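Letters A, B and C mark the chains as written, and numbering starts fresh at 1 in each.
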């Protein structure tokens, strides 16, 4: 079910501005890959190119190839809508649709795909909410607005919403940065479980979090302000944190800058 | 900021505070005066009225036994305004979505300015254009509707070739379109990016994203935009006065939209020459009051919806 | 869940970083290879068609909205521009010119429109701006709420009702003549809410820090308002005033009731009729069979549009330069 991603010679632009240059990276299936680095180094930008969300920002474009299991995501006949269905995303701030109930939020993606059958939707909702460790907390109030949940619950609701459409890859853009420590723990546990079924890429500012949840870590950095971001080093998480090859990585993970 | 305590003793400070409070009180008194005066002028005229004010179509305001009622005015005003809304709200919302979501980046600002330009054209010009240029364009549509759907009372043919209710509705639609567009555009632009991206990340197409994120968020704004536009349509005077076909006294009543008939505003404007006695003027004022109440209610609804939305988004 | 928590607890004892247990990470190459590749090309036809239809509808709606605009402007410009190019249009009145005569100008009507707009502005701007200052800087409690509510009512008053009110007071009750000043009074009623609301918005945008910084220096409140708050919001207020004036200039309903037309130059607000562009248009509209009158009508409509647009344009330019932003 899970798929790997190959990123080759990727440059990312916003209009004339080159935001990220020369990224080469392989993301293994059924594992967690963490992107770390200082603010503005382009890690979120790279993440967004993995499901073509960067195109939502006017002027965003990509050079190079990104392929999912051998299929180029940027080939001419590829529909970004289909890409996003295959590569799901969870955002920094929980963003359940405010006018929808918990149930409607979870099945929003399925409804978009034309599934109208009630029992099918109910099954999918239960499966996804269970998959997101939220079922027991909300099963009695599925018809209440999603905005009434706590921040951590909302974020798990968003994860449930993302996995309801059964994507191959799940992208997470600092999913815990707006949450308290206990909710963060719940999400990290969930990530641990989800990687049995999904390929997960997570952007995080929290190095302990990267160390706890990821199998591989990619470190991004900028040469200087105004310069494009670059991938400095990638490897197994333990290596990056304990024996990095590059000095910049060493400095960053040991907390000497960033 | 309330530091009146600190500013006491300074004459200039008190003077300034007094001036601003005075201006506020002036407005308060002015509006109260308008209301009280209009009501006090209307009451004697209504008291002498021998017809039912709400259900009569007659309009003889002079003499010893005045008979006047607002039925025709009320019907024409609301029917034309509703037609205007039915046309302008969907189109205005689509134009607002075009400007905020669909137009290429370079086109967004000029497109918005163009629509605002439409709002800057004085209503008397709409009246002229409607009367002379636009009338022949709408005629065939009316003929078509009245020949195919004449079994419906609202599309019954009437033989009126000038300004029908249907036509007035269309001219009003063009006039209120910029209001609907401007307000809807503003609320659509405020849709949080996270909601839009949330929908797109689920694999929604652009239209589905708008349907799941933008429209639910903007709904209260669109409702209040529609209400403000309705308020404007109800009170529009000069354009309607130019194009309206007044009905002959004693003509048969019909529900047809292809009938003529006067609105509150055009009845008042067309008969300015009759304001020669307090009794006659009072009858027109009574009609004006009904219009005032109508627009007030509509505007109040709009304001309540806006306030609710503010509470919701903060 | 318990297993990972336990392993984490163990790892946290041993060093600054804990690492994910690798047990879950077991990729079977065969599994990946045999699975069906995800479909990334175009999905459901219905969804795509809906999306395209929506896009077409939005473009069409925009086109539809532009048609009347282009059409109106074309009609007015093509019919009216010729007379505007004659210098007499800007220097002469219609005195002694009959409906069937060509020639003459609109200077009497332009003057009337400008005078009335000017006087209306001169009355409503101070009242409106001071009311807004009261509501934002001083007003608390019931009086402020009542005033704010009254402004709301006033902004909903249809222009014909405002005209009717002034007529009932000025002519019916006080027994005065229908003069230019009566028109101004009706227009004042329409303009005050516009000025109050736009000024209020602008004053609210002035950051509180500015006021506090000024108070902290011991500056009295009224000087703070006149020297700090108002200048910061100035261009925004001017924009609101200009847009309000533009609306008032195009307003015709009060003129129909209170401001009869005359072909002569008249600049006295308190004596005799005062001609304006809308009433000049209205006059020639009654002679639609006569070419000279129709030409004159379009020309005066174009003149009115130009005046209103000019004010709008200045207002918008100022708004763009406005010092206060979110």
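FYI, a residue touches a chain if its C-beta (ideal position, glycine included) is under 8 Å from a C-beta of that chain, and two chains touch if they have at least 3 such contacts.
Since the structure is predicted, the reported quantities are computational estimates derived from the model, not experimental observations.
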- Note on the structure: Using C-alpha atoms only, the most centrally placed chain is C
- Taking CA centroids for every chain, report which one is farthest away from chain B. A
- Distance between chain centroids, defined by C-alpha means - chain B, chain C (Å): 16
- Task: Could you grab the centroid distance between chain A and chain B? Build each centroid from C-alpha atoms only and quote it in angstrom.
- Result: 49
- In whole angstrom, what separates the CA-based centres of chain A and chain C? 44
- Query: Touching two or more other chains, which residues of chain B qualify?
  - Reply: 203, 205, 208
- Message: Can you pull out the residues of chain A that are in contact with at least two other chains?
- Response: 81-82, 85-86, 112-113
- Query: By residue number and range, which residues of chain C touch two or more other chains?
  - Reply: 43, 47
- Residue set of chain A touching chain C in the complex reads 1-4, 28-32, 68-71, 73, 75, 77-79, 81-83, 85-86, 112-114, 133, 168, 189, 192-193, 195-196, 207-208, 211-215, 237-238, 241-242
- Message: If we count contacts the way the header does, which residues on chain B are in touch with chain A in the complex?
- Response: 105, 192, 194-205, 208, 212-213, 216-217
- Message: Help me check something: in the complex, which residues belonging to chain B touch chain C?
- Response: 1-4, 6-7, 10, 12-13, 15-17, 19-28, 30-32, 34-35, 37-38, 41, 90-92, 94-95, 97-99, 101-103, 111, 113-118, 120-126, 128-129, 131-134, 174, 177, 181, 203, 205-208, 210, 231, 234-238, 241-242, 264-265, 268-269, 272, 275, 278, 281, 284-285, 288-289, 291-292, 295-296, 298-300, 303
- Query: Which chain C residues qualify as touching chain A in the complex?
  - Reply: 1, 4-5, 8, 16-20, 22, 24-27, 32, 35, 37-44, 46-47
- Which bits of chain C are touching chain B when the two form their complex? 43, 47-48, 50-51, 53-55, 57-62, 64-66, 68-69, 71-73, 75-76, 126-131, 133-135, 137-140, 143-144, 146-147, 150-162, 164-165, 167-169, 171-172, 189, 192, 196, 208, 211, 215, 220-223, 225-226, 246, 249-253, 256-257, 278, 281-282, 285, 288, 297-298, 301, 304-305, 308-309, 312, 316
